[in-house]
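Each of the next two complexes has chain A plus one other chain: chain B in the first, chain C in the second.
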Partner chain A sequence: MISPAPSASRGLGRVTLDVRQDLSPWKQAAFVGASLIFGLAISIVILAVAGIPPLTLASELAGVLTAENLSGVLVQAAPLILVGLGASLAFRIGFWNLGIEGQMIFGGIFAAAISIYDIGPQATRLVLMGSAAALGGALWVLLVAFLKTRFRVNEIIATLLLNYVAMYFLFHLLYGAWQDAKTAFPQSTPFRPFERLGDIGYGVNSGLLIAIAGVLAAGWLIHLSRIGFYTRFISANPRMAKIVGVPVQTATIWIIAASGACSGLAGFVNVASQEGRLTQSYANGYVFSGVLIAFLSRNDPIVIAIVGFLIAVLFITGQTLQVFYQIPFTMVQMIEAIIVMAVASSEFLIRHRIRWLR
Partner chain B sequence: MNLVDFLINWIANAPVTAVPYALAALGLIVAERSGVLNLTAEGLMLVGALAGAGTSLLFVGHPAVALLAAMVAASVVSLLFAVLVVVLRINQVIAGLSVVFFCQGLTGLIGTLAKWQNKQLSGLVPLKIWPLSEIPVIGRIFFMQDPVVYLTILIFIAVNFLLFRTMLGLRIRAVGENPAAADAAGVSVALHRILAIVAGSSLIGLAGGYISVVSVKLWVTGMTGGRGWIAVALVVFARWAPWPALAGALLFGCIEALIPHVAAAGIRVPQYLMLMLPYLATIAVMIWVGAKDHRGSQEPGALGQPHVREERR
Partner chain C sequence: MASALQLVGIRKSFDGALALDGASFESQAGEVHALLGENGAGKSSLMNVAAGLYAPDAGSISIDGAPIALSGPAAARQHGIGMVHQHFKLVKPFTVAENVLLANPQPHFASGIRNIRAAIEQQVGELKFSIDPDRRIDTMTVAEQQQVEIVKVLVGGAKILILDEPTAVLTDAEAIGLLEIVRRLARAGTAVVLVTHKLQDVKRFADRVTIMRGGKTVAKLDPRHASAEELTELTVGQTSALPERSPHEGGPTRLNVGTLCYTRGDGRVMLDNASFHVRAGEIYGIAGVSGNGQAELAEALIGAIEPSSGEIWLDGTGDISRAGQTKRREAKIAAIPADRYAYALAGSLPISDNLAVAQIRSGRYGSVVKLDRAAMRQDALAAIADYDVQGVRSVGQKASLLSGGNAQKLVIAREFSREPDVVVAHSPSRGLDVRACAAVHQRLIAARERGAAIVLISEDLDEVLSLSDRIGVMSRGTIVGEFERPADRQAIGRAMVDHG
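Showing the complex of A and B:
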């Protein structure tokens, strides 16, 4: 074989890419960590330009993490962990569930319907509301699963568009039949005390118990159950899975339904703990949070719980900055996007070696 | 109000609502023809809308300047997407979504901090093509639109020519169809993909600027309201061909224009259910596309695949 003639050196030389065969886990973690820090640094710079000096930011962050504010973070962590689980379950089967907000809305609506129509005894009311919420979220995403399997409709666009449909349906209820007659605001009448998720002691909200139960259930579903085994098979090689007789359709439907149920529960947790009634905006900003949490935790339920907690810190800090410094809450979304871009970019450095040829 | 008046008012308004869909879909087609799965439209339209509104508020100039600023701003932000998918080769869905949510956050931040929210803009005066504008019915619909409506048709002709009749267009399509072969033939894959993304994004920016500067005449956070996602669906519906995209845009323009006119005509329909119409129509169109067979689609062969020369496949 004739080797190519060495190219003449041209000024600065040129950059070439080599594909790395493998890289030690420690170096991989170092690349991910470095890019995460890079993303956070960019976010801090943008916030500084927007009028929040890094020192102010640090003191606000420290304020969020004090004992009395920690319970607020834990309340916020519950829906975030649940949407992280929702996104990750669907990711495992190659289904982009970007309809988390729509599923949260229908979860909230189903739960509120139980309250408004006064269904079931008081003692089991919360259980009934939670089950209804899970059902509502699951039904809303199964609509897209059906469209995808039957008509090959792209689920990315379909789930995103159905968020708008769900939002307008919520508005239709809140400006119409379900409007609170007393306040005339676009809100439902407040839930009764036995319909709300209260504290279970030490300032911990019972919504967090639902999130932890979700983590355990998701862990069981993907690591121990038959469906989880099928899921791993399908994501590794869908055609082979079909050939050897794995019930691809059934497993896919169950995983997607579980994903929607998690988002529906997140909606229930938000309306029954933070808001105490159906409001216009209880699902705002959760789509990309779900994607981010699933992406950063590589779809592992335990890691989702940790990342969900960290994003809750970001959420609460964002709320503080909104109240005291008039920084709009969309800032949280921007920082989330920067983090995803930075961490996704680190994959390039993990997979390729950049060489400078002279 | 009688039925004829209603129909004329409705159809005469459809081009204004159709222009953003048409331009955004065309911009996406240019980028996707080079093999890059582009989901950024919703975000870049917001960037264009904010840049257009901001320019008209800061420098009271001709709206054309604002629209130009919208194009430039979206192109600049799209460079970020181009670097992510072409240079760093990260998953194009993740990159596209990140850029959309980044733009939503950034435009919300800038719009609020600069206090550009809900400030009335001057808008653009419709062009009367006299004497054709005096023809009853037809004059109202075809010859009394604003200049951008006519410009959009010219842009479609130009982009169509560029993509299918020039060497540059051939190279862009080659890079999208088979990057390895194009690379072997000496066509720079990275360069042409970046060029297609940035050029297409300028059209997406114009679509956004048109919404804020010409159509709505103010800036509101998140004002594009999912039109970018509808444009993404429109590209699939049009099978990556410009003229069908224009036809699809007109269809969606008619659907969107129907919403205010039904209320104005005094027909009692629940308004929030009416607002679902464009999204439900998009899903209906996607079902229709999925149900028919896929022969004749011009979907680029390498859509969504990053190109790494050194990687063996």
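Showing the complex of A and C:
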């Protein structure tokens, strides 16, 4: 149905809303882009009021994008892209996976277990750690998938609360069996060099390769594969999907597992590149980032790569501003929120057309 | 005497598509004025303009000769225009009085609801309805809900009452009851506008009729002086009769439903040992007053619900009453559900995807690894041409943008693409215009000729009578009688009511 037109008649004419029949992807992108610019403009004004003139901001941004800082951005981008993928896959079938942090933690734990128990030859050690991490993340989310399909447990609550279970299990390991004996800090012994994701040249960390592989795999899964076709029906009309013969349950389980695997890989990338060991905080804050990236990219894997990169730029810039201009980190979060709201409102313009009638 | 409601030269487009192209309409106080036309002719759009829901791009509206501008539904209500929509606008968990209050806001809730209750009692008394203001909407039948809608607009002081397809959801008897009420309202001085695509309603109850086609007003006449053929001709151009059917040959039993039972979540027994069988090349019609388990029977047959006990046995496959979807699909069962957008289409997805989804597993549209979009596109274009699906700008267009009849053709195109052995059709022509309805019936007959076993569940007795080889009458969740073709309408009617 067309929504009723809320209109005020003042002689000049009135505004009516039409539901758009369809809009080309390019025009949709233009709307999102314009809203993004609008959100950024507001953010620039706020930062200017807070004492950072736009020119300084521009030079800081340019600084972040120089060759030496760019590698830092890319290291940050890899896990962000992976959690974005994890969130988006689950959202595509209406499974609200807010357990990204828990899945990252289990990804890290599984990867670390391979290192700690010295499993497999050195040459394939990283591959094994990565696979174990994906498996760990997948298993942790499948627990909830099982609870949801079997007992109709709400996955929002279950995934969110299991983050704490995962976190305390991690603490249990780090303060107990896996504690670094040498330093007595609550972290594992460092991974050996062949267990770490190193640079692949030009200052690019190999974690980024995993993220790019994830983007390509998810892109294939969603856009080209049969299971991607099924997911569109499952999210559009699950009842109908079942009746026309879509294997709803099987497809759902696989997509949820893939979602957990992506988050698990993000955990692996963090422990094996930045940290070099299992720490307490390598998963902190990624739920919000994952949801944000998935939302801004409208669950499209290719767009997630771009948005993940931009969020990484924002993070690194935010850190710089924090250090050099005493801007509180909440300011960075506020800018994030402003951008989210701007993009969210673009959705309205994509769905509706505003017309001026005389 | 000035017209109670007059619309002149109304134009309205939706995102470039012209829905109304200079349409006109006028009705007098004290008359029942029918607005007749096919689906998509623009009847509902025109009345939505009158009710203030749509702002017209051009044209004028006047009431009692005075031009007015409607800024919204509230303004229309102030001018005494009330509309009962085809899909009721009622809040299900609220009571009658609360719903009426919601539409007619009062300054204070407590005193408001008292005033409203008094107003409802008065209207209910005048109309001889039996509605308790304190009953919740979700405990009421469709016919009662419609009465609530009517009371709601009358309490608001409507002098012009617009009813959009009011008989579409009613049984024969209920429809006659409603139309008598409408006549009574007109006698009391209300201008009643009856939006419909049913010729019968127009012939029997309207004083005048305005006919629309393609967004334009094509004729205005007195239905008592026009033959049904003339009216049909004006509405659709031409109609096609049902195709010839070969005499029934009585093939082997294809489908056997045995002592099927189903108890709803709230404990109500909806299917109570329902049993019947359908042979190959036979249309088995199921008639009955709505709410006697037909919906649940259809849902059990298409696999939307799992029966509590009993069997649905298919020749060559066995019992599928609790089978998974894979087994059902292999059994080549075609499902044409009553609620297309709930059970048969994903409205937000492209037409081509909606057509391809049922056969995606067969590998026709590419392997597990790679979809074959070109094949989907090609088949979709062929199906759209074959089944005469109108209003398709591209196969990538959302299915929800199709009108009811065309959406139904899309469902049938998909379901029949696999040459099904068994067809389950529930109210397949509900809400369709004459031409779309004929097309659907032709497809069912064609499937019968091909040797499929067809279950036709419909609350439209005419539909059941004209198509079925045998008719089972359903009442209180079970088949209470069976009739061979040609069946006696009166006898079926009695069977429907006696047990109900």
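Points to keep in mind about this one:
Keep this in mind: the second predicted complex is superposed on the first by the 258 of 358 C-alpha atoms of A that agree within 3 Å, B and C clash if a C-alpha of one lies under 4 Å from a C-alpha of the other, contacts with A are read in each partner's own complex, and residues count from 1 in each chain.
Note that in this section a residue touches a chain if its C-beta (ideal position, glycine included) is under 8 Å from a C-beta of that chain, and two chains touch if they have at least 3 such contacts.
What you see is a predicted model; the values in this text were computed from it and never measured.
Taking chain A as the reference, the larger set of touched residues comes from B, when chain B and chain C are compared. When the shared chain is aligned, chain C comes close enough to touch A:I227, but chain B does not. In the superposition on chain A, contact of A:K242 is made with chain C only, not with chain B. Once the two complexes are overlaid on the shared chain, A:Q333 sits against chain B while remaining clear of chain C. In the superposition on chain A, A:A344 makes contact with chain B only, while chain C stays out of contact range.
Applying the stated contact rule after C-alpha superposition, one finds that A:F324 touches neither chain B nor chain C.
In the superposed pair of complexes, A:D18 makes contact with chain B and with chain C alike.
Shared interface residues of chain A, touching chain B in one complex and chain C in the other, are 16, 18-19. On the chain C side of its complex with chain A, the touching residues are 14-17, 48, 52-55, 57, 69, 71-73, 302-304, 325-326, 328-329, 335, 337, 341-349, 353, 356-358, 360-361, 366-371, 393, 396-398, 401, 414. The touching residues of chain A, when paired with chain C in their complex, are 2, 4-9, 14, 16, 18-22, 224-230, 232-233, 236-237, 239-247, 353, 357. Listing the residues of chain A that touch chain B in their complex gives 16-19, 46, 50-51, 96, 98, 147, 151-154, 156-158, 160-162, 164-165, 168-169, 171-172, 175-176, 288, 291, 295, 326-328, 330-338, 340-341, 344-345, 347-348, 352. Listed in rising order, the residues of chain B touching chain A in the complex are 39, 80, 84, 88-91, 93-95, 97-99, 101-102, 104-109, 112-113, 221, 225-226, 229-230, 232-233, 236, 270, 272-273, 275-276, 279-280, 282-283, 286-287, 290-291, 308-311.
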